[in-house]
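In this document, chain identifiers A, B and C correspond to the written order of the chains, with residue numbering beginning at 1 in each.
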Amino acid sequence: MDFLKKLQNVDRRIIYLLFVLALAIPLIRPIGIPLQISPATRAVYNIIESLDPATDVVLLSFEYAPGSGIDIHAIPVTVVEHLMKRGLRWVGVSFSPEGPLMMNMIIDDLESRGYKYGEDFVNLGYMAGEENAIRLFSLDTSVFTTDSRGNSVASLPIMQGISTVKDFAFVHGFTSSDLGIAGWLRQAVDPLGIDYAVGVVTVSVPSATPYYNSGQLKGLLGGLRGAAEYELLIETPGLGASMMDAQSMGHLLILGFILLGNLSYLFGKKK
Amino acid sequence: MKLVAGNIFGFWMFLVVAIFTLVLINYSKSGKINITLRKIAGLEAIEESIGRATEMGKPIHFSPGLGDIIGATAAETFAALEVLSYVTRMSAKYNAELVVTIRQPNVFPLAQESVKQQYMAAGKSDMFKEDTVRFLSNQQVAYTTGVVGFMHREKVAANIMAGLYMGEALLLAEAGAQIGAIQVAITASMTQLPFFVAACDYTIIGEELFAAGAYLSQDRIKLGGIAAQDYIKLAVMATAVAGALLMSSGSNFLNRLLVK
Amino acid sequence: MRKEVPLVITFVVAIIVMLSAITTGPIPGTSIAISDLFRQHISPWMTIVSAFAVGLASVNLLRVHTRAIARKRNDWIYSVILIVTLAIYAGFRTYVELNLSNATAAANYALIFNNILTPLSAAMWALLAFYVASASYRAFRARSAEATVLLISAIVVMLGAAPVGALIWSRFPDVQRWLLEVPNMTGQRGILIGAAIGGFVTSLRVLLGMERGHLGSAD
């Protein structure tokens, strides 16, 4: 009876310690568990594959901060990698204050590899006002007069021929909040009829799924798992893929604890 | 000036629904209809948790969520501020110390004014101190860290969270659970519901957040609004069923009407 | 007057914002469209008011913490750290914003961001994993029939989401997808529609001045 009681009330520090081990060991010694690719991930890949590098420019919208970055940052990294592989140009914008800095982490890497700022990509910076700002920018991209480096946006080669969000061939958001899902849908996607896909934190997948099924979202990448699937598709393993084993082990451990808690609870009740 | 295509039906529906709501609110106000709300256990628990805080001599923590008063999250924040009014009244009634932590700068002056006025109305102006309503940070993680630290340091007896929540929901709720506070979460943030349900004593979900103000104040105007809400929902349900039947029988009449 | 003026401003601005989203063309008798009115007048005001709110809130933060220092309250040293950090961050960021072409300053600011704020935030966020583990262990018990259904679906969704699930049973991802797309979506839509209607009625009350809780009214 005492033992059952103990099992029902395992000290949370023991749970935390086991959890650290379950996450750390696969990171150090990967197991290589195979991964299935979901249709929502493949949808994003297919759209980008269908674009024409000669004429098409893609808009990327960054709405997340470093905190949630651990779950989501791998998504823009791999999507940008795909764009660069295909020679597609992209414009980055942000409606959350930390977004431009997250974007710069990707841009720094691209510049060190020889890609040209202003020609291959640009970071327009942050605009305050959340949904209102999304609407203003969607109707008229010139609300950004200078980019995050102080250049005149009108003079940038990549921005030639772009005046509204409809001039982009495809829009992809990366968001840790509802702003990037419902906000974009309400202010730009539905009223203007643009093709929009989004990368979200894992916890937002259930709430974003209805929009994907209704066709309002053209694709959906969910957290590290979404990033890992995408990395497999473009055959460039990165941060997402390297974390998948740890995620699996973490899930198994939580399951183990749930089962343990329940078995001790059920047996305790019978006695 | 004309309506943009895609908004025509929506605009007229807005007018119809708004007028209908106002009519019901007026009926309720003048006593032509009486509205009784079903019992919501979580809301009843707020008073109990505040009473407990008084017995323990520990403070109550209230958070109006992470949403702003502009944009799509405004309604949730306003609903949370209504709950704050009630919590302040109860805190005055039981002489329990209340601390309100704020994430959105825009919400700060409203929360401060609301708490101050409620204390004044209850004749307990001295209960309002400069640090009763505290702005912590508009950075989500910094705000969360501030609240978690505060709850651990002050060992709050009750933790009431109303409004919009995001990834920090479980961090806040689990911190409260660790110190044994009575926790009431009132939110329409669907992604965070599972975490609140797991870690809080009472979780009030979805539209119940918007009904909370009416429930707690029993104000006839607000009750009228709740009744309107239910009728509108019935109409939406009927439309959904009619739409499904029409689509199944090959007619997309309703679909065309809705996107007009 | 103290209550009426804010209510009138609320009503007028709300109507402009709403109509700006759904109308085109000039307002009858004028040459200005509502969307331009919104873009040129309301939107900048929203930014300005928000900026003042940040100022007001920061003053509160400073007063609470300077008082803690002056009265040498418990852990007052953290208040000192907070104020110093706030000053450094605000000063540095302002300098970067005013000198956008100064690449070195921007790079040094990014250094603080990447090496202090990012790991601190990530560490705080990573705590979620531990909290999920302890909360699910404590709360996910098959106490009733409903709780058991919740428990089983949680297990299936977790196994479907992690790659290891497919190794255990290849259909786990399919079952997970079905759970997300059918029962979950149905429930989500129901709650979403209910909450949206609740939000609509609350907004209407705020717009028409029937909701005064936020203005400190007793009702």
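We adopt the following convention: a residue touches a chain if its C-beta (ideal position, glycine included) is under 8 Å from a C-beta of that chain, and two chains touch if they have at least 3 such contacts.
Small disclaimer: the values here were computed from a predicted structure and weren't measured.
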item	value
Chain pair with the higher count of C-beta pairs in contact (A-B, B-C)	B-C
Chain located farthest away, centre of chain A as origin (C-alpha)	B
Chain centre separation (chain B, chain C; CA means) in Å	14
Geometric centre distance via CA averages, chain B-chain A, whole Å	29
Shared-contact residues (touching 2 or more other chains) in chain A	12, 65-68, 129, 132, 206-207
Where chain B touches two or more other chains, by residue	4, 70, 139, 141, 167, 190
Contacts with two or more other chains, residues of chain C listed in rising order	21, 46, 50, 121, 124-125, 132, 134, 136, 138, 140, 188, 192
In the complex with chain A, residue positions of chain C that touch it	17, 21, 35, 39, 43, 46-47, 50, 100-101, 103, 106, 110, 113-114, 117-118, 121-122, 124-126, 129-130, 132-134, 136-138, 140-143, 151, 154-155, 158-159, 161-167, 173, 177, 180-181, 184-185, 188-189, 192
Touching residues (chain side chain B, partner chain C) in the complex	1-4, 7, 10-11, 17-18, 21-22, 25, 69-70, 74-76, 78-79, 81-82, 84-85, 102, 105-106, 108-110, 112-114, 116-118, 121, 130-131, 133-139, 141, 144-145, 153, 167, 170-171, 173-174, 177, 188, 190, 195, 197-199, 205-207, 209-211, 213, 217, 219, 221-222, 225-226, 228-229, 232-233, 236
Residues of chain B that touch chain A when the two form their complex	4, 6, 68, 70-73, 139-141, 166-167, 178, 190-192
Sites on chain C touched by chain B in the complex	21-28, 33-34, 46, 49-50, 53-54, 56-58, 60-61, 63-64, 67, 74-75, 120-121, 124-125, 127-128, 131-132, 134-136, 138-140, 188, 191-195, 197-206, 208, 210-211, 213-219
Chain C-touching residues of chain A, taken from the complex the two chains share	10, 12, 15-16, 19, 23, 33-36, 38, 65-71, 98, 101, 104-105, 128-129, 132, 135-136, 139, 146, 148-150, 202, 205-207, 209-210, 213, 225, 244-245, 247-255, 257-258, 260-262, 265-266
